[in-house]
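Order of writing sets the chain letters: A, B, C and D. Residues in each chain are counted from 1.
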Amino acid sequence: MASDGKVRIGVIGAGRIGKIHIENLVYRVPDALVVAVADIDVENTQQWAAQYGIEKVVAEPKELINDATIDAVVICSPTSTHAEYVIEAARAGKQIFCEKPIAQKLDATKQALAAVDKAGAKLQIGFNRRFDRNFKHIRQLVESGEIGEPHIVNITSRDPAPPPLEYVKVSGGIFMDMTIHDFDMARYLTGSDVIEVYAVGNVLIDPQIKEAGDFDTAVTLLKFANGAVCTIDNSRQAVYGYDQRVEVFGSKGAAAAQNEAPTRVTVSNKDGVISDKPLYFFLERYMDSFAEEMNDFVTCVKANTVPPVTGEDGLQSLLIAMAAAKSAVENRPVKLSEIG
Amino acid sequence: MASDGKVRIGVIGAGRIGKIHIENLVYRVPDALVVAVADIDVENTQQWAAQYGIEKVVAEPKELINDATIDAVVICSPTSTHAEYVIEAARAGKQIFCEKPIAQKLDATKQALAAVDKAGAKLQIGFNRRFDRNFKHIRQLVESGEIGEPHIVNITSRDPAPPPLEYVKVSGGIFMDMTIHDFDMARYLTGSDVIEVYAVGNVLIDPQIKEAGDFDTAVTLLKFANGAVCTIDNSRQAVYGYDQRVEVFGSKGAAAAQNEAPTRVTVSNKDGVISDKPLYFFLERYMDSFAEEMNDFVTCVKANTVPPVTGEDGLQSLLIAMAAAKSAVENRPVKLSEIG
Amino acid sequence: MASDGKVRIGVIGAGRIGKIHIENLVYRVPDALVVAVADIDVENTQQWAAQYGIEKVVAEPKELINDATIDAVVICSPTSTHAEYVIEAARAGKQIFCEKPIAQKLDATKQALAAVDKAGAKLQIGFNRRFDRNFKHIRQLVESGEIGEPHIVNITSRDPAPPPLEYVKVSGGIFMDMTIHDFDMARYLTGSDVIEVYAVGNVLIDPQIKEAGDFDTAVTLLKFANGAVCTIDNSRQAVYGYDQRVEVFGSKGAAAAQNEAPTRVTVSNKDGVISDKPLYFFLERYMDSFAEEMNDFVTCVKANTVPPVTGEDGLQSLLIAMAAAKSAVENRPVKLSEIG
Amino acid sequence: MASDGKVRIGVIGAGRIGKIHIENLVYRVPDALVVAVADIDVENTQQWAAQYGIEKVVAEPKELINDATIDAVVICSPTSTHAEYVIEAARAGKQIFCEKPIAQKLDATKQALAAVDKAGAKLQIGFNRRFDRNFKHIRQLVESGEIGEPHIVNITSRDPAPPPLEYVKVSGGIFMDMTIHDFDMARYLTGSDVIEVYAVGNVLIDPQIKEAGDFDTAVTLLKFANGAVCTIDNSRQAVYGYDQRVEVFGSKGAAAAQNEAPTRVTVSNKDGVISDKPLYFFLERYMDSFAEEMNDFVTCVKANTVPPVTGEDGLQSLLIAMAAAKSAVENRPVKLSEIG
C-alpha cells in the first residue's frame, strides 16, 4: 500500500466491464488508486485512461502483475485467461479480484484456487449481484432470522434479449453463463450449500441457439443442505426488459425484491395504469452494485479481511452449473458430489 | 316488525338506485323483507319485482307510507320529492332511509329534519361511501388513534365522464351533486365538523357545462373545528375511469386508500408494466357499500339504535355544499355560520 | 327443467362447501332452484335449509338422485363417496357437479368417467379457482395471444396453516389434496397438457406430518406438451396468510396476478409502509369464484353446452398428482404415461 | 474556459450544500474543474478540499469572484449574502449558480436580477427538485402532451422532522423556506404562471413554532394562468419520513410520482405486507438531482445556453411565497399582482 494508505491497483482488460471497474475505482472508491491498465489495444486504452488520470497502459498483463508497486489486480480479460492470470498474480503476491467464472473447467478452477491458497492471497470473485441493495437487504433479513428458516427460494432472472450467436457458442452454455449468477444468489440468500440440481432446458426463442448447442429458456431446481428448495427461471428474452426478482419464503415470513425501474412514475390513461418497465439490462440495473463490490474488495485488501465472495464461492457455482448442464441433458436430478 | 323478526320495508322509486337497494335487501340483507314498491311505472315495475318475489307494486307512494304493515321506507324517488316523503313517512311512524340529498334547499331540509325529530323517527341518509371497506378501515384507523390526530386530509374524487347536460341543469351544481359525497367523507374520516370552505370552480372539459351555469372541475379546501385541513379535487372526466382515493395524514402516520380495480393482474410488455384501470364508475366501485348501508339501516331499525348517517349529517353536507358554491362565485373563504 | 326455466338442483352433502354452494345457488344464481338437500344430519340441515326456503331434506342421497323432478346434482359429500354418487347420478340421467377429486384412485375415477360418458351426462369438477377473476383474466390474456406463446409459468400456493393431523392422514397427501388445484391451474392457464412431473417434498413445519407420511412443503416442476415449464411452490404454513399468485411468462410479455387483500389501504408509520395481508384462506379469497362456478354449471345445463371444467380435467389433475407423489418418493422425473 | 474545455469554477461557502456541490462537480461533472473555494473556516475547508485535489481555499468570496481564471461561481453561502454575491459576480463577468432563494426580500431579489441582466450573465437558481428523475419525467409527459392539458396538480411535500427552532426564526417562514420548492415544482410541472394564491397555515406539531411566528402545517392552493389549480400540502413532521409526491391530472390522463425508498423489498409477515419507508430526507432523496443540476449548469455555461432554472423562476417563487404568507395571515386569496 502507498504511504497515503491507498490500495494501488492494476486492471487487466479494459473492455466493457473493465472500464466500469476503472471508472468506479477512480470516482467511487476513495481508498483505491488505479496505477496501471493492461489491454491489448494500448493506443485506444491510453486515450481513454488519460481522462481518469491513469498514465500507465501496457499490452502485456504480466508486466503489470510483476509490477512491485502494485498491491492488487482486477482481472477483466476474457474468461479463457482468468485462471492463468489468477495463478500468476497469486505467485506474484498480489491480492486478486477476478470476474466470474474463474474458468469453465473444473481442473483449471481448482488449480487457480490452489495457487491462491498456497500464496495466501485474497481472491474475490465478481458475483456483483450480492452487492445490489435489494438482495443485500434480503440476505440481512434471512441472516437476522427476521423471516425465520428459509424454506423456499424463487429466483426470476430473465434477460431482455439474447446475446449474439457468436457469444453463445463460446459462453459455456446458459447455466455457466447466465444462471451461474442465480446459483450464487441462491447460495448467498440462504447461506447454505446446494447438494442436488434438477434442470430443464428449452429452446423456445431462437432455433439457432439450439444449433449452437445451447438453451434459451431454463428452469432449475436446487436442493440445499438445510432442506430449502430453490427454483430459478431463466429466459434469454423478456420483451419488457431485464427481470431480476427474488423471493425467500421462511418460517416467519417472506421477503421479496421487486424490479428496479427508471422512475416511480405511473401514468393512468385510457389504456390502464402504466408503470415503467424494469431497468433495461445489467449495466443499468447493477451499476451501483459494481461500485459496491469494488469498494468492498479494496476495503478487504486494506483491512486484511476475508473477501465477501471467495474462490470457494466461485467453485461452488461452477459445480452447480456443471450439475445443471448434466441434469438438463440426462433429465435426472444430479448430485453435486457426482461432479467434484 | 313481523313475527319472524324481519323488518318490513316499502321502497319508494324503482329507478336505478331503487332497484339496487331492492336487490340488496332481498339477497344480501337477511333481516329485511321488501313488501311493497311504489313507482309511477307500475306495469314494468311489477314485472321486474316479481323476480324478487315482491307482489305489491303501487303508483302512489302515500299508499305505501300509510300501509300499517310496513315498518320502514326507503326513499329513492327524484330529489325534489325527498323532503315531502320524509315528512309524511315520519308522520306515519315509519323509519326512514332517504337517498342524498334530503333537499337542495335549506328550508325544506330543516322542515324534514324537524318532522323526523318530532316523530322520533330514525332517518338514515344515503351517503353510501361511508360503507366502502377501504374508507371504513381508514375511519377505524383514525378513530382508534393509530395514525394520531388528523392534520391533513386529501380526497381525490373524479368521475369517468360528465353526466348528460339535462341532468347538469337540475343537479344543483357540482358541489351539491358530486362533491357533497366528499364533504360527507371528509366529516366522516376526521370525525370533526367543517367550519369554513374555500372553493375554486373551473370549466375545462365542456363549455356547455359553463352555459348550464355549472363547473366541471373543482378544488375545495375545508377547515375543520379540530384544526385539520382537507383538500378535495373533482373532475367530471377522468379518462382512466372513476378515481376515488383518500388519504388522512396524522401525527402518528398516514393512511391512504388506493383505487379498486377489476383484477390484481399486471401485464409486463414492451409498453410498460400495466395494471387495470379503476372500476369504471360508482355502480362498480360502490356495489358492496350499497349492500352494507342497507344492512346497517335494517340492523338499526331492528336494534333501535342511531343510524350510522343521520339527518344532521345530511344537513351539514348541504351547508358545506352551499358554502362551497358561494365561495366559488365570490372567490373568498365562506364560513358555515354564514349559511345556516 | 321447470316451466319457469330454472334448473332444479339437489345438493348431496351440506358440510362447509355444500352450504356455500347452496347459499350461492339461492342468492347468486338466478337460474337455479335448490329443491332438495341430502345430509346425514337431517335435523340440523333442515333447520339451516329453512332459511333459504328449502323444504326437502333427506338423509339418503339416492332418494335425491332418483327424484325425477331434479335436473342436476351437486356432490359435496366426502371424497370417498364421490365416484359412487357420480355413477349413480349419471345412470339416473342427472347432470352432475362434483367437488374435486372424483376419487383418489385412478380406477374409481375412470369408472366414474365411463359411466358419465355412457349416460351422455354433463360432469363439472369443482376446480373453483378457474373462476377467480384474476386467473380468468390471465387465461384470457394467454388465449388471446396477448402475451404470446407461454414459456414459463410460476405458481405460488401457500396455505396459512396446516390442516388437522387427522385430515392429513386421509387427505391423499399434499399433491392430491393441495397441489391438485395448482395442477389444474397450470393446465388451465397454458391450455396445454402436462407430460412429465418432477416434485420435491419436504417436512419443514411439523414433524408429525412426516409421521403421517406426508409433506408440508413441496416444489413441483411440470413439463407441458407445448414446451412450457411450470414451477409450483407449496407450503402448508405461510404466517402472513393465504398466498395465491400466478405468473405466465410468454414470448410477448408476462401476466402476473397479485394476492387479493381485505382493503387497498396502506398505512405509513415509523415501522414502514404497510399493506394488508392477503385474504386469510380459501373461503375469503375464493368466495366469488364459488358463485361463478355454480353459475357457469347452471348455465351449461340450461344451454346444453360443455362444462368449463370437465371430467377429463379431473382425471388429468389426478394423474399429475399421482406422478408428483411418485416423483417425490423416487426422486426422478415421472412421465404421465407411466401412470395411466 | 480552460484550454481543456473545462469550466473553471469557484465555490462560495463550503457548508453542507456547498460540500455536496463540490463533490458532485469533482466526481460527476466531467466538464467542470473546481479551482477555488471560499469559506470563512479556511483551515478546515483546506483539509477537506485537499481530498478532492482543490488547492486554493480563501476566506473572502470577493477574492474568488475577482479571480480572472474563474469562469463561474456557485453560491452556497447563507441566504442573507446571496444577492450581494450575485451582483458582484455578475459585475465581475462570471456565470452564476445561486442556491435558493436569491433573497427573502423582493427589492434585493430584483436588484440582483437587474445586475445579472445588465451584465448579460447566466444565473441558475438552486431548485434542484426539477432534476429529480421522477418529476422530470412527469414534466416531459406534460410537455409532450401525453396527459393532455393539465387541470389539477397535487403536491405532497412533508419533512420527516421540524428544523431547529433557531433556524425556524430566521427561515423566512414555512412558505419561503419549505413550500417555495413546491411553488417552483408547480410552475415547472404545468409550464404556466401562478396568478393567485390561497393558503392556510396551522400549528399542529409544536407550539414553539407558533411562538416563533411560523406555521408547521400548511395547505396552499394555486391558480394558474392556464386555468389549472394546484394543491400543496406541507407538514414539518411526517413520522414515516420525507414524503415527496406529485400528481398532474390532465385531459388525457394522470401522471403520479410515488416516493423513492432505500429498496424495493417487501416483507410479508404476521403484521402485514411491509415496504420501506421513503428515503429519510432531502440529502437521501435528492442526491442525484444535485449532481444533475450541477451538470446542467456547467453544460449551459459551456454551450452558452439559457439555464434550466432562471432568475425569473427564482423571482416568481418568491412572489408566490410572499402571496401565500399574506394569504395565510389575511385569510383571503391573494393575487400575485398585489405583491409585485
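Just so we're on the same page, contacts are C-beta pairs under 8 Å (C-beta built on N, C-alpha and C of every residue); 3 or more make two chains touch, one makes a residue touch a chain.
What you see is a predicted model, and the numbers here were worked out from it, not measured in a lab.
Trainee: Which chain lies the greatest distance away from chain C when centres are computed from Cα atoms alone?
Mentor: D
Trainee: Could you tell me which pair, C-D or A-D, is linked by more C-beta pairs in contact?
Mentor: Here the pair linked by more C-beta pairs in contact is A-D.
Trainee: What is the distance, in whole Å, between the centres of chain C and chain D, each centre taken as the mean of its C-alpha atoms?
Mentor: 58
Trainee: Please work out the Cα centroid separation of chain A and chain C, and write it as a whole number of Å.
Mentor: Averaging C-alpha atoms per chain gives centres 43 Å apart.
Trainee: Could you state the distance in Å from the CA-based centre of chain A to that of chain D?
Mentor: Comparing mean C-alpha positions, chain D is 40 Å from chain A.
Trainee: Scan chain B for residues touching two or more other chains and write them down.
Mentor: 238-240, 243, 252-254, 268-270
Trainee: Which residues, counting only chain A, touch chain B once they are in their complex?
Mentor: That would be residues 238-240, 243, 261, 268-278 of chain A.
Trainee: Using the touch definition from the top, list the residues of chain A that touch chain C in their complex.
Mentor: Residues 149, 151-152, 154, 156, 158, 198, 200, 202, 204-205, 217, 219, 221, 223, 227, 229, 231, 233, 235, 237-240, 243, 249, 251-254, 331-333 of chain A touch chain C in their complex.
Trainee: Considering the complex alone, what residue numbers of chain D touch chain A?
Mentor: 27-28, 30, 51, 133-134, 137-138, 141, 146-147, 252-260, 262-270
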